[in-house]
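Following are the structures in question.
One chain, chain A, links the two complexes that follow: it is found with chain B in the first and with chain C in the second.
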Partner chain A sequence: MKNQNSKQLPKRNLIVTIGLVLWFLLILGRLVELQVFKHAQLKNEAIDQNRYLREIWPTRGTIRDCQGKILAQSLSVPSLFLARGKNEENSSLLEKITALKSLIPLSSREWQRIRNRIDNGDRFIWIKRKISWEDCEKVKQAKIPGIFVQMESKRFYPLGAHLAHVLGGVDIDDRGLSGVEYKYNNFLQGKKGRILILRDALHRKYDLEVIEPAQPGQDLILTIDSNIQYIAERELEKAIFENQACWGTVIVSRPSTGEILAMASYPDYDPNNFATAEPSALINRAIQENFEPGSAFKLILAAAALELKPDIFHRTYDCSIGYFSIGGLSIRDHRRFNLLSFPEVFIHSSNVGAIQVALEIGRDYLYSWIKKFGLGEKTGIDLPGEETGILRPPNSWTVHTLPYLAIGYEISVTAIQLLQVINAIANQGLLFPPRILKSLEGPEGIQKLPSSPPVRILSSYVAREITDNILAKVVDLGTGKAAAIDGFPPAGKTGTAQKYDPWLKTYSSSRHRSIFIGFAPFDKPAISIVVVIDEPKAGRYYGGEVAAPVFREIGRRVLLYLGEIPRFKPEKITLASSENWRNHHQP
Partner chain B sequence: MVKRKLPKIEIFLIVFILFIALLFLTFYIWYQAELIRIGLENQRIQEQINQLEEDIKRLEVLRSSLLSPERVEKIAREYLNLTEPDPGQIIYEELFTGFKK
Partner chain C sequence: MKSREIFRRGSFDRPLFIITLLLIIIGLIMIFSSSALVAAEKYHQPFHFLIEQLKGAILGFILMAIFVFIRRDLFRWPAFIFGLLILCLLLLSLCFLMPPLSGANRWVMAFGITFQPSELTKISLILFIAFYLEKKKDRLDELKTILPLLAVIGLFVLLILREPDLGTAVLILFISFLLLFIGGIRFRHLAGAGALALTLFLLYFLQLPREDYRWQRWEAFISPDLHRDRAAFQILQSKLAVGTGGLIGVGLGESTRKLYFLPCAHTDFIYAIIGEEFGLIGSLLVLALYLLFFWRGWHIARNATNYTHRLVAYGLTLMICCQALLNISIVLAILPTKGAPLPLISYGRSALLCQLVAVGLLLNISQRKVSSLIIK
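The block that comes next holds the complex of A and B.
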């Protein structure tokens, strides 16, 4: 019995030993498989489980006015997306979306888009981007599986439609589509970065490793002053409604630098809802609308004539006949004049006199001066989509072109070009290109942008003569009396253009465009203003009746706002206060 | 088979080594746990900073919106009953010191 047991013991030991060795070999083999053969794959899987490499979207730069007031800023907002689970059926996804529909508003178009994406078998589907925080909270509380929130950046324009055309707008991915948002998109958008996020077993972030830092977009400081912009927009809108006009534009600038202080265009839109804006409202009429300037063009004619013949100032022109005929064409004055001196031709805006001046200086000379003032080409303002205007070369002119040109027809300009012309006069012959961007602000600090060097296009003598003896008197004695500003004598020129009717192929006698260009005070210009009102239908249509009052109101308020000192002490002094209001309005 | 009695010094050494090993292991686990805890705390604070920065931005936008000239004028006219003076009347007293004679 003892022998039998002693024989069985080594055998049992052997079996156990072999079993243990096999078990050990099995474990060893598995370890080799995991550690050697599947090393790379498993390492990647492990990294995937607790490490996430993510792109960091840079913050889009802020746009401010010259006083530092925020005009456009990007803020974080939630977006909802649907993630399809492994082997998840379309019906299950549709059920989730249906449940969601009762929580947040989904249009039929959005619903259809989501359905199509589900039917296509997409794993990631945007449900609704950039929703409100309230809607996001509702969805979070509903805890629908597979529906997640991702933070995105949304552009906000706190002043609404204010300055819409200058700011432009962005698309759903915050890329600039128009205005300075488009023009300076590269500066504003910054550069994407990459970050490695380490998470624990509960998927909580516990460490971040910046692989490539994101560079935030640079802030833009514009030359625009939002208070002046408001004044310009308000007065423009008032004029449009009072005159039942189609559209209008106002530009206010500082002539000594070319800085644009305000650029208003009507109709306007809210850049917060850029995608739904009317296409016609998106047009920046200040730079994207070509029109015939009418008598406002006579300013260039006067400058060219004075440069060619300084003694022309003392000439007189017989305008008593009231019309001018050339090649079967008859151009009339707006009223009958007699003999007019050279300045009076422009002060009273006589077409007959202006045509005689134009014929005297000749087409080539006038054409060269039009080019000198920059008409027919872009001013180079830092806004996208600027129009060049239309200026035909002299070899394509007909017998009617020169007389028509003399009174501002057969040439198309933009409001910004007219501003450049008036600024050159205000600056005593120096032309500063207009600009919108004042400086850039980034992590390295403020980078001031130097203004382009001025170009002398006119002698200071001629510019002064035009200012003192023509433009200032247009407001004192001529067609622009309605532009007179109490305490700040301005200088300017009116313009009234009949609109061309493409159906009748002639100029319409019922559709006009009213223009006023000028600056104030005339002896030391602080501001220059261009006003264009298209198709006033309330009875008045002359530039001196429709556009000049807009110039006056804007000029008066802006000059006071800028702290300009009036040239004389006004007789009455009234303080704006509720006390005064009560005294005036209560019995 | 004769059982060998371990000398006290050997037992002490084994216990000491085991104790040191345990100490190291405990320290390592504590270190790892602490690292993650600090990391989580750091992340929480970072998120709080981001949130506060975002709130500042949001408030700046709100301030800009509340100070819009249109809104200020509306309040001035409708709630404070302020009115504009007639054209030609200067309302800024500060200017009077600098009039030209």
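The block that comes next holds the complex of A and C.
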């Protein structure tokens, strides 16, 4: 027996040895397979698991006025989102949302959207974005698993509705939707960066690598002065309420550069709540509203006539008949005149006289001058959605068009186009295109924007003649007396247009638009202002009655604010000087 | 012509000792590398696991030295063999009275010491099998001689299976069968016992609920893609770790899988971290050390002076090497996952202690030689 054992033992342990050595070889083969042949594939898979590429959102640029005051800035705000756990059921997610519903207000629409996303099986669901810090704190306190807070940036407009139309607004993702936010979105938004996050299996970061840093957006410096804007908005609003008007707009600019100092439009909205704003309130009436300018247009007529015939200045026009008939159409003056000299036709805004002037210079010539002043096309102001106005080419004109055109009908303009016209006169014939962006400020420093060179459209002689002998006298003697600013003699032109009634297919005798365009002081213009008030319903409707006082009030306050010295001590203005104070308080 | 055995103290097998030492050193380095971060977060002490393992190693070497220098032939001393067996039985039973740790009764805790009796059971069973076969070596062909032996093995396997510790149970069964096979048991009997054990295992497995982790592991092994997030996660991570290593590895301490991706990075899956940090070179080096261990163990067994010592040497060598091969096979996803640490390397003080004692016993046998002088 022992022999048998001794024989068997070596044989059997050889079998075991071979078995184990084969096992060793199997492992060796597997090691070579994994570490040599599958190395690249497995390595990439492993890298995929602990590296995450994330986008870094840049900070959106700040918008400031020309004094450096912040008009729009991005602030950090919390947003809530729901993350589905591994194999988490819809019902469990719904429970969490229901629990949340008692903490923060959720509208039925939001509720429905979240439910749809849950039913879709989405892993990441926004619950509510850009909520208040109080709500966020409440949710944090509740400690509902699966509900997380993500910081986002929200656009904040500290001045509320002020300058709303110029600033515009942004959507939930901070992309510009209108105004300069839209126009200069590319500069404001900056460039997204990329970051590589290394994480362990518990999704905790252990290393960060910035592949591409985010470039913050550039700051915009506007030509707007928020103080002037405030004055313009206050006066506009006051006029709208006093006259029970539909809408209105005021533009204040510096004629020597074309810079817009204020642009007010009523009705307005709060850009902080852009999404809920009334659609009609979103219209920037200064650039997006076409209207017939009425008598304010006669300014162009006068300029054209003077350019064509310099001696026309000494002509007289018989306006005693009081009306003008052509092809069954009758246009009347607002009051009876006698013989009027050329300047007087414009100073008193005689329709009969203006039509005679227009007929004298002819349609083609007048048309070419309308084009020269830039009507019928965009001024190119750096705001989105600008209208062109409506100017029909002469070949589609009817027999009525020229006389109507002479008094500012059958042509539509925008307020910004009128501003461009009055600025060209104020600049003695040089036209500076209006603009609203002064400079861009980025990490590389301030980038001044090159202003486009002025274009001469009018000889300085004609411009001066019109200013001194017509526009200044409109305020002195004519229809615009209400525009007279104490101490700063202005120049300007009134306009009153009957509104076209699409129902009656004729011009309404009860609905008007009051316009005043002008600048001050007339001999050394510091500011130019356009005022448009639509449908004043409180009785008065002439431009000289409704729009001119707005011009005066804004002009007076803005000129003093800008540090302009009055020609004489104004009697009607209370100056904020210490002397004045003493006189008042120490009898 | 009866040869006489002499005991030459200090003449133990040097290569085996050096291989063991190398494995322990690699183990300490890799335990630190793979556990420092977890230890720092859990115990605020990155050296936590290293220090604990070092304590185990020092105690292990002391025990090893004691066992190396015992002149008395422990392997043929019934009191020692049976005493050890009964001690194991008691300790294993005691496990069930202890509060379960992570759902298993594998440990005995007393006086601040935690001990895993199943480690000691491996040695004790090997000694018992060798002792028993020696006693009955003239009647090994008879079924009735081996039935009591199979019953004893079965009892211990069942106890360990109840803990539950599938890995150790399978390993003990596997080593016992190999030992019985080498020992000269009739192949027919062995095959019968094997078939019986397999049937019982299958029945045990089938009665487990489907949600049981052992089922999940099995399913994950068969179709890893379906179980990407759960049971297969460990296997997948282990493969990723080994594969990432490539030829030369990512370097000591640079493993990313140990950042909670790979559970048990410092215990059952330490070989994956070796593969990741040292690549094919490191993996092969460790594999080669076990192969050398196997060679030296076999050498000691072949030169042993008697049947008992020979069987004990085979058994203890198989105990270390089979466990190593089993562990590496699991790490490389050749076999389904079950708990089996890498001997002499993985973190675990009870296991390390017992494994060093096993090496000590092997070295003890290597000192027993046939005296040529006496033959003259």
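Before moving on, here are some points about what is shown:
The criterion applied here is as follows: the second predicted complex is superposed on the first by the 506 of 587 C-alpha atoms of A that agree within 3 Å, B and C clash if a C-alpha of one lies under 4 Å from a C-alpha of the other, contacts with A are read in each partner's own complex, and residues count from 1 in each chain.
The working rule: contacts are C-beta pairs under 8 Å (C-beta built on N, C-alpha and C of every residue); 3 or more make two chains touch, one makes a residue touch a chain.
Values in this document were obtained by computation on a predicted structure and should not be read as measured data.
Once chain A of one complex is fitted onto chain A of the other, the partner contacts of A:G563 are limited to chain B, with no touch recorded for chain C. In the superposition on chain A, contact of A:L75 is made with chain B only, not with chain C. By the touch criterion defined above, A:L20 lies against chain C but remains apart from chain B after alignment on the C-alpha atoms of chain A.
Using the contact criterion defined above for the overlaid structures, shared-chain residue A:H162 touches chain B, although it does not reach chain C. When both complexes are overlaid on chain A, the residue A:I321 reaches neither chain B nor chain C.
Shared-chain residue A:V36: touches chain C; no touch with chain B.
Of the two partner chains placed by the overlay, only chain C lies in contact with A:E45; chain B stays clear of it.
Using the contact criterion defined above for the overlaid structures, shared-chain residue A:L53 touches neither chain B nor chain C, since it reaches no partner. When the shared chain is aligned, chain C comes close enough to touch A:L28, but chain B does not. Comparing which residues of chain A touch chain B with which touch chain C, the overlap comprises 198, 200, 206. Of all residues in chain A, those touching chain B in their complex are 69-71, 73, 75-76, 156, 158-160, 162, 198, 200, 204-208, 226-227, 230-231, 234, 486-487, 552-553, 556, 560, 563, 565-570, 572-578, 580-582, 584. Residue ranges of chain B in contact with chain A, taken from their complex: 35-36, 39-40, 42-43, 46, 54, 57-58, 60-65, 67-70, 73, 80-96, 98-100. Interface of chain A with chain C (complex): residues 1-2, 4-5, 8-9, 12-13, 15-17, 20, 23-24, 26-28, 30-32, 34-36, 38-39, 41-43, 45-46, 49-50, 86-87, 198, 200-202, 206. Of all the residues in chain C, the ones that touch chain A in their complex are 137-138, 140, 178, 181-184, 229, 239-247, 256-257, 259-261, 275, 279-280, 283-284, 287, 290-291, 294, 298, 301-302, 307, 310, 314, 318, 321-322, 325, 328-329, 332, 334.
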